[in-house]
Amino acid sequence: MRRWQIASFALFFGLWELTGRWPVSPAFPPFSNTFLALIEMIRDGTLGKAYLITAQPLALGIVLCAIAGIAFGIGMGLSRSIEWLSLPVFIILQAAPMAAIIPLLTYMYGIGMGLSRSIEWLSLPVFIILQAAPMAAIIPLLTYMYGIGLTSKVLAVIMLAAPVIVMNSYKGIRNTPPSLLQMCRSFQGTRVQEVVKIVLPHAAALIFTGLRLGLAMGFIGIVIAELLITPTGIGDLISYHSSTADYPKMFATIASIVAVAAVSLHLLQRVEFRLFPRD
Amino acid sequence: MKTLLSLVVWFVLWEIAGRLKLSTIVPPFSAVIEAMFEIAPTEKFGKAAIITLRSFGLGMGLALVVGIPLGIVMARVKGIGRLLGMWVNIFVSAPISALVPILMAVLGIGETTVVVTVFLFAVFVITLDTQVGITHADRSLVEMARSFGAKRHQLYTKVLVLSALPEILAGVRLGAIRGVKGVVIGQLLVAIIGVGELFEVYSNNFLMEEFWALVLIVFLFAFAISEAIAALERRVEYYAASR
Amino acid sequence: MTEAIVEVKGIGKTYDSGVEALRDVNLSFPKGQLSTLLGPSGCGKTTLLKIIAGLLPRNAGQVLVKGKPVDGPGPERAFVFQDFALLPWASVLRNVAFGLELRGEPKEKREEVARKYIAEVGLKGFEHRYPAQLSGGMRQRVGLARALTVDADIILMDEPFSSVDEQTRRKFQEDLLDLLRHHQKTVIFVTHSIEEAAYLSDQIALLSPRPGRVSKIVRPNVDHSRSPDEIRRDRGYLDTVDEIWGMLRQYV
C-alpha cells in the first residue's frame, strides 16, 4: 500500500511541476513554487491565523448541525408523538429572526419526523429536494439578514451540512432490521427499550457517516461563504493573493484547504471504520 | 401523490409566511410563482438560461466522456486504480469551489471557467461510482461469458458495463446534481454571465420575488434531471443485475 | 394424554394484501413435548408460530396458554429466530442475557444465569466474543441460550437450523434433544425438513398450503433412548418419513 501511495503522490506533484513550467498561463505556478510559498506562509503565521478565523464558523456550524441535525434525524426515524421534544424548538423559533426559517425548519422536523408518520410525510420530500438543490444560490441572501459576519457563515455551513446529516440519521433509524425489533418484542421489551437498546445503537453507524459527510459539506459551505459573502480567514487569503497576483501563495492556500479537508475526512473515516466495523 | 400533497402544505405555509411579512426577504409563494411566469419568457432569462444550460451540458458531457472510461480503466487495471484512487477519493469530498479562483485566474472570467467548474464538480463522483460498479460487476456473469469464449471487447460491452449500469447511473445522477451546483457556484463567483448574473442582479436590487422565482427554477431543474436519471436507474436495475 | 399447555382454536389470518395465510386452525400442544409444524413453503407455519408467540396479530380465533387467552408476547413463551436476531454490537454474554436485561434484572444476576446457559449450549469460553466472530451454528446456539435464560415454559423455534450447514444441523438436533431431557420445556418447532421433524418430534402437525390448514397430525414412533445414528436407521423413523412425504408430495 505504501509504495502505491508514494508513487501516486509523486505522479501528481510531478505532473503539477511539469505543467506549471509550461508557459500556458502565468497564473499557474509549478508545484515547487507553490510548496515554497506554503512553507513561507506557515512560517510567518498568516496561514495559521487564517485557519483560526475560518475554523470558527465551520466548527460552530457543524456542532450545531450535529446536535440539532442528529436529534431531528433520529426524531424523524421514530414514530411516536412526543410533544415535549418539539416544544423547545418552537421556543427557539419564536426568539430567532424568521428568515432563519429555512435552516431551522429543516431541524425542527428531525424530531417531528420520527415522532409521527404524518410529519415524516411532510418533511421527507423537502429534504430530498434540499439534497439535490444548489443551496449556494441562497448564500448571498444571508448577508441581508445577518450581515457579513459570523452568523451568515455559520448559517451557510448549516444549510449545506444539515440535509445530509438529517437524512443519514433518519435512514439509520428507519433501516433497523425488523428481526431485531421482533426479537425485542418477543422478550416483552417496551418501546423505550426498543429505541434505546436496539434502534439507536444500530443507527449509530449511519449517524456517524452522516456527520462525516456533513463535515465535508461544511467545508464546502465555509469556502463558498468566504468567497461569496465577505472574505475572512482562508477566503481572504485567497482573494488577497489573487488580487496581488501572487499566484504561488494563492495556490498554496487553496491546496492547503483541500488538503486539510481531505486529511480530516480521512481521519474521520478511519475512526468510523474502527468504531463500526463492516462485515 | 402523497409527496405532492406534502409539498402543497409547504407552499401554503410559504404563502402565509410571505403575506404576514415575517421577513423582508421572503415574499408570498403566489408572488414568487407569478414572478416565475413573468421572467421565464423574457429575453434576458432566455439568454441566461441558454448560457447556463450550455455550460452545464458541456461540463457534464466532458465529465461523462472522461469519468466513465477512467472509472472502467481504474477498475480493470489495478495499478492505475491504486495510483489514481487516492486522488479521486480526495477530490470527491473536497471543497472544489476553492479551486474556482484559480480557474478564474488561469482561464479568465467567462464561460470556460464555468464549464471547467461543472466538469470538476461532476467528474470525480462519476469516476468513483463507475469504478465501484465495474469492480463489483457480477463475477459469475464474467466467468460465464469467458467460458463461452467471449473476446475482451465483448466482455466489456456485453457484460461488464451493463452489469455495472446501476452504479454508473447512480454516479451520473450524483454528478448531475453536483454539476448543477457547479454551474450555479461557478456563475455566482464569476458573476457576469448566466443565472449567476441574474441572481446577483436580483439580490442587489432587492427583487425578492424574482430572486426566489429563479431559485425555484434552478431547484426544479436540478430535481428534474435527478429524477429523470433515477427513473432510468430503476429501469436498469431490473434487468442489469440480480444481486 | 398429557394436558395441553398451548392451544389454538379457530385461528385465521389474512394479510393486508388479501392473501389468506391461515384458515380455521385448531391444534393443541402437550406439555413437556416437542411439537412440530411441518409443511411446504407458503403453508403458513411460521405465521402460525408467530401468532402463538404474540408477534403477529390474528384475524380470528384464540390462542390459549395454560388455559388463558393471550394477545401479545409473554414471559412464558420464548422465541428462537431463523436469522438468529443477535445484537451485532453486543458480546455473546450480553446477547444471552438480553431477555433478562429487558426485564430489568440486575447485571450480576443476569450474567450469572447467562453464563450457565452459555456453558450448556457448548459455548463456554466465548462469552466475550462478538456475533461477527462466530459461525452460523454458534450464533444460533447463542439464540437458543438466550431463550433458555429467561426460563420460559414454552420455547418457539422458527426453522432454527435452516441457516446452518447439514453437518452442524445434525449435531444441533442431537444436542437439542439432550438439552431438552434436562429441562422440562414445551417446544413448538417449525421446519420444512421431514427428516428433522421425524427425528425430533413427539407430535407433527402437517399443514397444507393456500390457505394454511391442518391436514394431519402424526405421532412418530421413534425410540429416543437409542443413539442418534441408530434412530436414523430405525424402522419406525423411516416409516414416519415415508408416510409424511407421501402426504406432502402433492403440494410440491
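Lettered A, B and C in written order, each chain numbered from 1.
Basically, a contact is a pair of C-beta atoms (placed from the backbone, for glycine too) under 8 Å apart; a residue touches a chain by one contact, two chains touch by 3 or more.
All of these numbers come straight from a predicted model, not from anything done at the bench.
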Counting one step for each move to a touching chain, how far apart are subunit A and subunit B? 1
With centres defined by CA atoms only, which chain is the most remote from subunit B? C
Taking all protein C-alpha atoms shown, work out their mean, then name the chain whose own C-alpha mean is nearest to it. A
Chains joined by the largest number of C-beta pairs are A-B
Distance between the centres, which are taken as Cα means, of subunit B and subunit A, whole angstrom: 19
For subunit A and subunit C, let me know how many angstrom lie between their CA-based centres, rounded off. 48
What is the distance, in whole Å, between the centres of subunit B and subunit C, each centre taken as the mean of its C-alpha atoms? 52
Among the residues of subunit A, which ones contact at least 2 other chains? none
List of subunit B residues in touch with subunit A within their complex: 2-3, 5-7, 9-10, 17, 22-26, 82-87, 90-91, 93-102, 104-107, 177, 180-181, 184-185, 188-189, 199-200, 203, 211, 214-215, 218-219, 222-223, 226
Parts of subunit C lying in touch with subunit A, wherever the complex brings them together: 53-55, 72-75, 77-79, 81, 83, 85, 87, 89, 98-99, 101-103, 132, 150
Within their complex, state which residues of subunit A touch subunit C. 177, 179-180, 182-190, 193, 197-198, 201-202, 277, 279
Could you list, by residue number, the parts of subunit A that touch subunit B in their complex? 4-5, 7-8, 11-12, 24-25, 27-28, 97-99, 101, 121-126, 129, 131-138, 140-141, 144-145, 213, 216, 219-220, 222-224, 227-228, 234, 238-239, 242, 247, 250-251, 254, 257-258, 261-262, 265
